[in-house]
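Note that subunit A is present in both complexes that follow, paired respectively with subunit B and with subunit C.
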Partner chain A sequence: MKKLSLFTICLIILIGSWVFLEFVVGGVISVPIPNSVIAMYMGLIVIAILVHISVEDSQFREFLRPIHETLVDDRRRIHRRVLVVLIPLFLLGYTYSIIAQRANPPGSPRDAHPSPPLELTYKDEVIGTMQDVVNPYRHYEKDDPEAFKAHVENGRRVYHQNCFVCHGDHLDGQGHFAPYLQPLPANFQDPGIIPNFQESFFFWRIAKGGPGLPAAGTPWDSAMPIWEDYLTEEEIWDVILFLSEYTGYQPRTFGEAH
Partner chain B sequence: MTKISKKRLYLVLGCLLAIYVVLAIAPAFAQDVTEAEYREFPKIGSRNAAWIAAQLHLLFGSFILGVPMFAVIIEFIGWRTKDARYDRMAQEFIKLCMGAFSTTALLGGVLVFILIWCYPKVMSKLSGIFGPTMIFYVVLFFGETFTLYLYSYGWDKMQGRHKGWHLFLGVLLNVWGTAIMFVSNSWLSYQTSPATQHGVLSEMRKKSWMEEQLAADPSLTPETVMEGVTDHSTIPLHNETTGEFMGTVWDAVNNFTWMPINIHRLVGNIAFGGSIVAAYAAFRFLVAKTKEDKAHYDWMGYTGNFIALCGLIPLPFLGYWLGREIYMFNNTMGINMMGSLFSWLFIIQAVMIGVLFIGANYYLWSGMGRIEGAEIYARYRPYMITIIILCVAVWMTPRTLSKISSASELSAMGGANHPHLGLFGLMTAKNTVVNIIILTTFLSFLFYRRSGKTPTVSWGKVGNVAISSIFFFSTVAIVVIGIVGFSVPTDLRVNILTPYQVLIALAVMAVVTIVDIFMYRKATTSGAINWGEMTDRSQYVLILIAITFTSLMGLMGYARSGLREAWHIFGVMQDTSVDAFTPLLSEAVNMVAIIMVAFFALVGFIFWLGLWGEKKKQAAAAPVEAEVAVESDD
Partner chain C sequence: MKIRTIALLFILFGTLVLVSLMYAQNAPEASERGKEVYENSCAHCHGVEGRGDGSAAENLLPRPRDFTRGLYKIRSTETGQLPTDQDLFDIITEGMPGSSMPGWETALSANDRWEVVAYIKTFHAGFKENENPPKQITLEGKIPYSEQSVETGKELYVELGCVECHGNVGRGDGTSAPTLTDSWGFQTWPANLTQGWTFRGGFDTEDIFKRFIGGIAGSPMPAFEGDSFLNFGLTTEESKRLIELENKDEMTEAEEEESGQFYEKMDAAVDIALTIKEGGEVSADDIQTYNDAMKIVYEKSWHLTNYVKSLMPEKRPEAAIGNNVLRSQYVQGALPALDAAAWETFEAGYFPLVGQVVIEPRQFNPTIDGVHVKSFYNDTEVAFLFVWDDRTHTTGDETDETTGKPLEDALAVQFPVKVPQGPTAPKPYFLWGGRLPVYLWHWKASTPEQVTELTAKGINNAETQEAQGELQVQSTYADGQYKLWVKRALKTEDKKDLQLEPGVFVPIAFSAWDGSNGDVDTKRTMTSWYAFTLEPVPSSRRFVYPPIIAILSVGLLFGLRAFVQRRNTEDV
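What follows is the complex of A and B.
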């Protein structure tokens, strides 16, 4: 069997990688990957190929050989003609795919996470700095497990009375209203949500809701109500305890500096 | 029609440019100069003017502080091994430094003038706090200048028995340089984090802080104020009501982010200096006419890249430490940095660091082409490329994809985070792959070091099995720790797991280096290194690495400075100028690109001046040599 040329192997790797990302990872294994991310990965694969073929001169010449032959060798005249048609067609199709009008609304330009204020307030009353405020009932976890359990239970009640319709009964952001909201409600089961923020951050997000989000990073378009208008300070802290207890993720705490 | 000579054309263009500059800055003289809080820099605005001057000053400063660090080490190696090539290279490094030194000082002066003119109130506040350190800075600057002159001009005269003293001058030069950087770092780090920890706070501030707490809430007692306060508690250095500075100069200097920035920059300077030297050598290699020159600049480029790599390897860890301290100082600032306003900058950072590591590995692999007998390692290259590319892919995968996805893609993913790839966006995944990239790069270097050599020790095979096992099990350990990191509290991950990953990577490098040194101590050399036989592509990679370093420093400088948002001094002195807004990332990228081009234009000009002088000297020496040759022929 004829040995494949280096150029062909590289082409197979490139196309194979795209098929793998688009259809295997983005279809069989998981949900579709956005085109921008696929483009980023494909860019990296192209770099990997270029690195591999160009480190050694002999390999570089071997890679270029079929290209050179196709361009100048008379025996490859048919290949050449086919390429002369295919390359512009490919570019045409690609250009069309970019500029064609589609009934597809743009994504949200919002930041990953809103920037919290320096001070935490509840109904305009300062509780403390965002850095230093801790959940006043958290210490019961060690000091008085029964009291802690009662606070978590209260949090569960508050959650199921107010939050689950959007954030879901599994706290995974899949509530009944979720499909109709953009941005989608937070998924607390995601390991990147609860462990990354202090409890003071969650208090702020719950208390101030969508309208309390900062000017920077807009538009937020969050449908979250201003819960400090409906819930007591204790109820908000209790909900935070419940979120943490149910998911098993601990909110961020800080050790010692230096 | 009369022809205009090139010289005349440049003269006319220069005059036109000078007239334009004068006209452009003329409106500045029409401004009210009495008691202004801010003054507008003409045409480009105050912030942009300060930005350009500061970044250029910093880039030059980084170069002239970084180069002497490794120049003195190379000189020492040359002295101990009695290899004159090292001495020549170290001297060449310092010559480059000399050229850049006056430009650094000049840019520093420009920056100070811009700051005093455009931001008088801010400068007044800062000089009020840091006055004594500014005098100290001047003293250090004099020390550095004279030591550099002595070190450079005394190079040839202090050969032989005075070499030890010359090396001492080199060390002294680095002491001055490092001290200068530490002093200036205190000013800018204080602007970011004007607070320090209770444990290192002066008695004066402890007392005034206590008084403030008691005055703010009469129900408190000194004992209740101290409840929950540890040595590591953050204490502001300003009266929280009046904003007046209440600490000592040392309190201000020893602020929260001072030391992490010091160390990060110290190591960064080595990496940056190495990369610029390597780029210079690459340029000289590409234009070299003789085999000797090609060999020399190939070797110089290799050394520069090796130094850059040595600096680059610990940089991600040190950056992580700085980031951690920023989070510790102020959580809001931390969230802005990694999860909000500046988070996309870190994706660009990942791309650029990816370029640095891929480039450095590419150069090492290319370098193996000039060593006879290195072919046996070529078979591992595809695997190593695959590992590095996979790791870079993880590192640059964004956590939140909302900004780069359409609405239909977002709903197909079920939110802004991809359920599986989104995990790559978390720090535990990113820290894991960084460590693997570093270990793979180290492996590339190990192969390079071994190329063309055969160990003669009896335990060679056992040694190889041991080294392979160390690499394998340490990588497994790093990956397992990374996976565990997804499910543990952040405090545990940041303070225990991530440092352990770093320690494992560092331990592997240390242990393997020791084993390898003993294994190859009496190795037979089967192939020589053919210096000068490198591809031109590899030299362009060295230039790319220098450009990437420069851009990276510019972009991360924007992040460090931008984190203050609308504050000159975070939480203390608000920025009420027209430039108080945070510039868009695209604006920052454009600005950094302009600065980068200006930097390379200036560096190119300085290096060209050096070459010009060298050529003149050679041209002057040539007739004398010819005469001598003729006389001897007679």
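What follows is the complex of A and C.
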């Protein structure tokens, strides 16, 4: 087998890295990577290649050799003719597709979990600071399991009378109305949701609903109702207990080692 | 290998297959685990005692199944039979489209689903008493889909009276549609046959066929069986002839006699069917007669299945969510009118509607699936066509009990008054605005040639604009479908109106009301914000720049070659 030229090796590394990022990392291993991030990685790889080939003069000459040959060598006449047709054709198609592309509406950047206010309120009544308020029924879990169970059961009722059409029977955000809402309802089975927030955060999100979000959360888009208009304080705390009991995820707490 | 060893292996293999088949078809004995899973995952709708009265039940239509009566809609078994364990398992696994029953495949392990099947069966004594396995519907003799079969099915659709509930073209808008109730007395709507994705038991050919033969227990949909099927016992030709005779104003004596013979034949066949149904003794000849008659029922059901399949698209239209935009297409000259053929030529944007459950009174059980929208514009005007299915034409003759307001069908199209500038600029609240106002077109079925322009700052805070009459409107209602055509100038004098310009993305949202479903005010169906744009006429630059770039690149390549060649000669 003929030894691969430096140019071909560099080309293979470049294409291979792109395929790896786009399809292996962004498909098999994890979710798709944004194009801007891929562009950044590819930029780094190009720089690495340039550094590698320009370390020595002979190395650089070796790298340029195939390009050089294609341009002037008589043995590469066919290559040359094919390329002189293909390259302009590719550019023709590419520029056409860019110019003729239909415009799409600007994507609206939305912070799914914007920062809550400093104070937690129910209607207009202050409950306490966001950081300090705890679920007043949480302590029953240790102190009075029967009472705790009653609160969880009440939360279950509240959930299924109000929440499940969007957030789903499985609490996975896939209720029967969910697919046609933008933004999608929260998925409580996602390990990134319940464990990452305090119960006071959930109380705030439930009580104030979509319209209570700061601008970064695009309050005008969310179909989450303002639940303090319909639910009592106790019902909201109970439904939070139910969310964590059903999914098995514990909300985040402060003041303990973690 | 010795023959004995092969035989032994064969037997072993066979036993294994049999055991696994038995496992697949029969649920285990009801266990504590089944109860536990049921109470954690099912009871909130179906009730702790299986009566379909869980805490969520009141807000659901169709209601969650009451398991105590043993009436199951979706079965692979004949009419009057209980479902097989596999039927129950499949429904739990896949869920019931068009209802709030989700599929549990990802949420519960197969083992847990089987445990639930066993537990559900304990709610109805019939499962225990009935030791014989339920009789399954045979799918033999399937008639493949063909235009001829669809044609035959179409005739049967009228003959058998399907029209009365499902309507002329199958949109569930038949004359008796609004009067139907299920076995528990709750209102139920006949399926819209053009929306297969709402069929509870799926819309594969075999699924539809099974609903004919087995019926949909507990619902008004009858099973096709001996004592109720039209002209049972007659061949297809005889049946046709009888219908022809009966449609005559007057019959001759010979014809009277002919029809009399048909009736005798039918009575005999129905008698046999009833005897068989009640478990009585019948002769071999009778069984032959019955089987022949049933064969025709099966045949007709396959034709009917093919006809129903012909009414629906292969899948639900894709929701225009995310980057999918409602694009208005530019035309030169006059915009097409409501009945113009031009509307057929490009695909509509489909906007699925969901119940409004944000603000009381809420609508948990919407009856309108979605609205199809198309749009054309020219240099001065824009025209829209909105098409949606509604089983009833309700124009406000009845009033809502609590509000006293007329119940009528309606549609509202919503835009912001001012287009948000930039991706982070705030939009008005998606439900009829709030701090930022929205501009609305409100159409009502009672005034079909009129659209009222509103400005709203909240779902209960809408004002009729002073300047009206800027919109031209036409509408029709036929066979369970509304068509609404609206035309407006791109620019108006009214400062409260949205002003339109090509290439700008404008938020758009919809609300719809089905009066016969109790929709009024906030009780309605709705969508989130989508985008609408007057699609600019494609730029002619697309024919100029690409060739220039291509030619330049050729020049560049030759230049490069010349440069390299020159350097080579210099080197030498």
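Some points to look at:
In this section, the second predicted complex is superposed on the first by the 140 of 258 C-alpha atoms of A that agree within 3 Å, B and C clash if a C-alpha of one lies under 4 Å from a C-alpha of the other, contacts with A are read in each partner's own complex, and residues count from 1 in each chain.
Keep in mind that, in the parts below, contacts are C-beta pairs under 8 Å (C-beta built on N, C-alpha and C of every residue); 3 or more make two chains touch, one makes a residue touch a chain.
Just so it is clear, the model here is predicted, and its values are computed rather than measured.
Judged by the touch definition given at the top, the superposed model places A:55 against subunit B, while subunit C stays out of reach. In the overlay built on the shared chain, the residue A:71 is in contact with subunit C alone; subunit B does not reach it. In the superposition on chain A, A:205 makes contact with neither subunit B nor subunit C.
Shared-chain residue A:151: touches no atom of subunit B or subunit C. Contact with neither subunit B nor subunit C is seen for A:167 once the two complexes are overlaid on the shared chain.
Touch criterion not met for A:138: it reaches neither subunit B nor subunit C. When the two complexes are overlaid on their common chain A, residue A:230 makes contact with subunit C while staying clear of subunit B.
Looking at the shared chain after the overlay, A:215 reaches subunit C, while subunit B stays out of its contact range. When the shared chain is aligned, subunit B and subunit C each come close enough to touch A:182. Overlap of the subunit B and subunit C interfaces on subunit A: residues 104-109, 174, 179, 182. The touching residues of subunit A, counted against subunit B in their complex, run 25, 29-37, 40-41, 44-45, 47-48, 51-52, 54-57, 104-118, 130-131, 173-174, 179, 182-184, 187, 190-192, 195-198, 200-201, 216-217, 248, 250, 252-258. Chain contact summary for the complex, subunit A toward subunit C: residues 68, 71-72, 80, 83-84, 87-89, 91-93, 95-96, 99-100, 102-109, 156-157, 159-161, 164-166, 168-170, 172, 174-177, 179-182, 209-211, 215, 218-221, 223-225, 229-230, 246. Contact residues on subunit C toward subunit A in their complex (touch as defined above): 40-41, 44-45, 54-56, 58-59, 99-100, 102, 104, 106-107, 319, 321-323, 325, 327, 352-355, 357-360, 364, 422-424, 426-431, 434, 436, 503, 505, 527-529, 531, 533, 535-536, 538-539, 541-542, 545-547, 549-551, 553-554, 557-558, 560-561, 564-565, 568.
Of all residues in subunit B, those touching subunit A in their complex are 197, 230, 232, 234, 256, 259, 324-325, 327-332, 335-336, 339-341, 343, 354, 358, 361-362, 365-366, 369, 378, 381-382, 385-386, 389, 392-393, 396-423, 425-426, 486-487, 489-491, 493-495, 535, 537, 565, 571, 582.
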